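Below, each structure is written out as structure tokens.
Below, subunit A partners subunit B and then partners subunit C, in two separate complexes.
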Partner chain A sequence: MRYAYFLGCITPLRYPGIEAATKIVLKELGVEVIELNGASCCPAPGVFGSFDLWNWLILAARNLDLAEDLDAKIVVTCNGCYGSLQEAHHLLEDVVRREAVNEVLAKIGRRYEGRTEVKHVTEVLLEDVGAEELKKRVKKPLKGLKVAVHYGCHFLKPSKIRGHGSPEAPTYLDELVELTGAESIDYLDKLMCCGAGGGVRAGRLDVALDFTLEKVRNIKRAGGDVIVTPCAFCHFQFDTGQRELMSKGLLDKPVPVAFITQLIGLAMGFSPDEMGLNDNFIPPKYLEKIS
Partner chain B sequence: MALVDLLTLAEEKPELKSKVYRELLELGLSTPDYCYLCGRCSGGCTSMRLLELKPHEIAALARDGFIEELVGSEIIWACAQCLQCRERCPQGVSPVDIILKLRSIAVSRGAELPEELSKMMMSILDTGLIQEPREVVGRSGRKYTREALRLPPAPRPKDMAAFSEALMSTLEVVLGGV
Partner chain C sequence: MSAVSRQVVVLQASWEFADEVIKRGSRIFPEEELKTLYACIQCGTCVGDCPSGRRTAWRIRHIIRKTQLGMREAVLSDETLWNCTTCYTCQERCPRGVATTDVIRIIRNIAFEEGYALERHLAVARNFAKIGHAIPITDEVKEKRKRLGLLPVPPTTLSYPKALSEVQKIIEIDGFLKKIQR
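So, the complex of A and B:
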């Protein structure tokens, strides 16, 4: 189990706590994680895809090639990176497309052969480490904690490429969360988008925040203590977005946010500081409930 | 002006339409010709809840050749790229990819990208990453930097200048064709 950690932009630059937690948890579970030096933005599907899909593919191919050079698979902690890189990998299985991309990569001395694989960190946890082993490693079960899972759109779709079961009624992450002893709750419009994707956050912040507010309201109504996501960008939208909503006077009590590996690390006995949980804007109030 | 109003002024542009079709086919997607207006895409569209985006309308308008009108419409910037339309379409049409194509035509025409979006894009071409690192000051006044979390300095690609140049050259080919 050897993975090159593709950090992307949001994780290392805005929420380094996600990176810290992921590295600590994977190491503890015996997964070898190496740095993917020289990686660029995945590139962000909404930003770069809007500009030119062909260049989006070439940028992604360079990142895939960096991992290929290391003979490693890629692990990601952001649905945007997951979407871009996995989709690019898929598109580049086609030899004609790959050769066209390689013509450009040749100008910087690179060539991608299609030999890496792109995995989300939750896949590494559930499929490489396994549910049985994870359960054994839980030292501090998060009993009584009500978790509102937010999947994020690109985690599930296109389902033919992602392969996490039904995108309309998924259970993949709920099962992972419940291994920690916490309860994964149901709430209205659970699969609704956080609102940030497609460049909407960048282009029309008010609209993106409307989505976030609606989700947060539904989560509060269902009694969620914490929002757990597998995506650094959704994490960013919920954490920073709720702060923005508060400063506009649109939200009174926010719901704290945790990345999936931060939650698992907590259950494995690591401290909130080690897991970077205080790195979020919204104070992790739920900790009182489990200490 | 609403899209439907624009239609009365529309003029078909077959070259533009075939360009969009060609690029969708290159991505392995069905062309809008396969759309039979079932509306499954719009039924699940994230942006239709708050805005007026209707992916089935986009597919139908593209099929009927109203590319110019779509390119000039603000509605194409409302898509959250949730991929629901692509997932749900029984015909393999992907309205979201049609929208991305329309956006890139708009950009190549010098249409103004939303400001934050173009900043991010320039940042990627410049430094490889979307933005600069920030310093987080926690509620206790402690700084949550990468160092405090015992992480190495934020990584940066080193060959970005040469790479951007290579990308730009293909861009000219791409943009020149519109």
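So, the complex of A and C:
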């Protein structure tokens, strides 16, 4: 199990707690993680995909090639990075398309052969490590914690390319969360988008925040103590976004946010500081409930 | 004159724009998947499930129909075009298998290069051209990273000038740089 960690933008540049927690947790679970030196933005599927898809595909191919050079698979902690790199990898299985992209890559001395694989950190946890092993590693069960899982859009969709089954009623993230001893609650429109994708956060902040507000209201109504995401960009939208909603006077009490590896690390016995949980804008009040 | 003026347009329906969208997109996606654009029957499943359409004037079904009718300018200049979060709900649920979300991104690509890019999007693109990331690094983040036991600057294009120059060369060769310098 050797993975090159593709960081992307939000993880290292806004929520490094996600990066730290992921490295610590994977190492503890025996997964070898190496750096993917020289990687760029994935580039983001919604933003850069909306600007120029041809350019998006070539830049994604360059990032894939970095991992190919290391003979490593890629692990990501953002559904956006997953969306771009996994889709680009899939599109580049077509030899004609790959050769067209390689014509451009040749000008920087690169060539992508299609030999890496792109895995989301939740796939590494569930498939490489496995539920059994994870359960064994839980030292501090998060009993009594009500978790509102937010899946995000791009891990499961487009389902034809992702190949993780139907996106209509997924359970993999709820299962991961419940391995920690916490309860994954149901809430209205659980599978709805956080609002940040597609360049909406950058271009139309009020629209993005309106999505987020709807989700947060639904989560609060269902009694969620913490929002858990598998996506750095959704994490960013919920944490920074709720702060923005509060400063606009649109939200009173926020719901804290945790990334999936941060939650798992906590259950494995690592401290909130080691997991970077205090680096979010919204203080992790839910910790009182489990200490 | 009333504030609302009604223009009467005699529409000459044509597949020209739909053909253009499919042809352009087929450089990236399999052409047969994009040809689903011809198959939309305006059932409304897409718009009924769209979380953006719930709160804004964005109507995915209209965009698909206008594209089928060849209303190129109306589609490209539609300000709501940028309200879609690319959540794929519509694409997953379309009973005719229309690749809606992919079509939106292709249409946006055309709008982007024809001068309809949002200023804030150009800023993101220019930041990428400068450092290889969509967002800049801050001193506060460097501090946080250090505290967490990470390198203050991540080992990405931010730490490797050669890697950054590769990225910058790509966007110069493939024409992206020109599109964001205007």
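Heads up, the rule we're going with is that the second predicted complex is superposed on the first by the 291 of 291 C-alpha atoms of A that agree within 3 Å, B and C clash if a C-alpha of one lies under 4 Å from a C-alpha of the other, contacts with A are read in each partner's own complex, and residues count from 1 in each chain.
By definition in this document, a residue touches a chain if its C-beta (ideal position, glycine included) is under 8 Å from a C-beta of that chain, and two chains touch if they have at least 3 such contacts.
Keep in mind that what you see is a predicted model, and the values were worked out from it rather than measured.
Taken together through their common subunit A, the two structures put subunit B and subunit C in a clash. Shared-chain residue A:Cys41: touches subunit B and subunit C both. Contact with neither subunit B nor subunit C is seen for A:Arg111 once the two complexes are overlaid on the shared chain.
Of the two partner chains, neither subunit B nor subunit C is touched by A:Arg217.
Contacts of A:Lys135 after superposition on the shared chain: neither subunit B nor subunit C is touched. Applying the stated contact rule after C-alpha superposition, one finds that A:Arg243 touches neither subunit B nor subunit C. Judged by the document's definition of touching, subunit A residues 7, 9-10, 12-14, 16-17, 19-20, 35-41, 43-55, 58-59, 62, 91, 94, 97, 104-105, 107-108, 153-154, 157-159, 167, 192-193, 195-200, 202-204, 207-208, 210-211, 276, 279 lie at the interface with subunit B and also at the interface with subunit C.
Of all the residues in subunit A, the ones that touch subunit B in their complex are 7, 9-10, 12-14, 16-17, 19-20, 23, 35-41, 43-55, 58-59, 62, 83, 91, 94, 97, 104-105, 107-108, 153-154, 157-159, 167, 192-193, 195-200, 202-204, 207-208, 210-211, 276, 278-279, 283. Residue ranges on subunit B touching subunit A, taken from their complex, read 23, 26-28, 46-47, 49-51, 77-84, 86-87, 96-97, 100-101, 103-104, 107-108, 113-114, 116-117, 120-121, 124, 128-134, 136, 138-140, 142, 144-146, 149-152, 154-155, 157-160, 162-163, 165-167, 169-171, 174. Here subunit A touches subunit C in the complex through residues 7, 9-10, 12-14, 16-17, 19-20, 35-41, 43-59, 62, 91, 94, 97, 100, 104-105, 107-108, 110, 153-154, 157-159, 167-168, 192-193, 195-200, 202-204, 207-208, 210-211, 214, 276, 279, going by the rule given at the top. Those residues of subunit C that touch subunit A in the complex are listed here as 25, 27-30, 51-52, 55-56, 82-89, 91-92, 101, 104-106, 108-109, 112-113, 117-118, 120-121, 123-125, 128, 132-138, 141, 144-145, 148-150, 154-157, 159-160, 162-164, 166-167, 169-171, 173-176, 179-180.
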